[in-house]
């Protein structure tokens, strides 16, 4: 069986730099054998947050890729704080928030961009937790997707 | 003292079929002596999600009934995954999300539809946890209410 | 080292009365060595909730003060239920929800009003947890900010 780090390496994806807090909070906090991760945005490899609104300035596919980029930013935060993706045993909970207009309906499809990444890293059982996917009126700095998560540690 | 299963039977309500995930997530996850439940919608007995927007296409009473239906879908998920409502000791936390216009103000009244159901099943102390009730710009598939919850197990 | 109660006293701020639930929920629930706090609004010293919409009827500074007032209401709930702010060891998680229009972008600045209060009470490490700050279409009773939180107990 391959490790989460090995699984991630096989994907051929880059990790953006670990995001710095843009307010009074920690990106990640360890509490017993759990770790909580703050709401993350789609931080790009150049350190700049992608902006836009899903279904308005971003297509469905672009929105799903933005959610994957949020997932990559979360992985980067995990590596920066815990040293390795292998320190995480499994995904417990994801809250996926999509910035979109009131008539948008495809939130689960968008957030799958992050969830499929986690499933590829930690596997189809451990990489999949509970989830809510919902539509926000607005998100900080006009980012299209914000995701917070909770993991169980090894 | 009657059990949660007995309490539910007395209500004379039907459980809808346990909802299938509409994305990459688990409907329920057990973590130690807690269980987390994904965001659920108002799944009806025919297996179809009720749609609409509270205060627009649904009245207050219809919205509250939709929240109760979400609660019934959560009960169905609990029974399908844990075998019995008796496996749950108490409600810890509920996040109730209402799809509504910006001038809507009665979110607590709507989400009470779910909370009153849980209180009837697990009792006025164990059946009542902390809660946030808030208004969303949009929800998946145009459902009027989405609720996620966390329970403590026996 | 000063205690959380001493830190709070130094701030010279008043605590509003502990808010009564406006629905079927508990303001605070203890679960093992954690405590969960329901979504709170900006309850004022006179027991009335401040209303408004950030960026529309409230300026940025007024919005940030509203978030601080939500933090004070949470402190009041903690004191009423646990007896003392000293019973809380640290902040684990904050979800800060701002009622605002779709083009609003300064959610982290607003929610800092609460987070800076918590940091002053429990210190720059223990008083700062993970956080998401997001924009809601609407909040109960037209309040401008709603915040829920999770703490670790002593």
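Note that the chains are named A, B and C in the order they appear, and that numbering of residues resets to 1 at the start of each chain.
One rule holds in what follows: a contact is a pair of C-beta atoms (placed from the backbone, for glycine too) under 8 Å apart; a residue touches a chain by one contact, two chains touch by 3 or more.
Values in this document were obtained by computation on a predicted structure and should not be read as measured data.
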Does the chain B and chain C pair touch with the same residues on each side or with different residues, judged by whether over half of the numbers are shared? different
Can you grab the rotation angle between chain A and chain C? Superpose on CA, round to the nearest 5°. 120
Rounded Å distance between chain B and chain C, as computed from the means of their C-alpha atoms: 25
Chain C residues counted as touching two or more neighbouring chains: 95, 101-102, 136-137
For the chain A and chain B complex, residues of the former touching the latter: 92-95, 100-109, 111-112, 115-116, 119, 128-137, 152
Within the complex, which stretch of chain B touches chain A? 22-29, 31, 36-39, 53, 95, 97, 101-102, 136-142, 146, 148
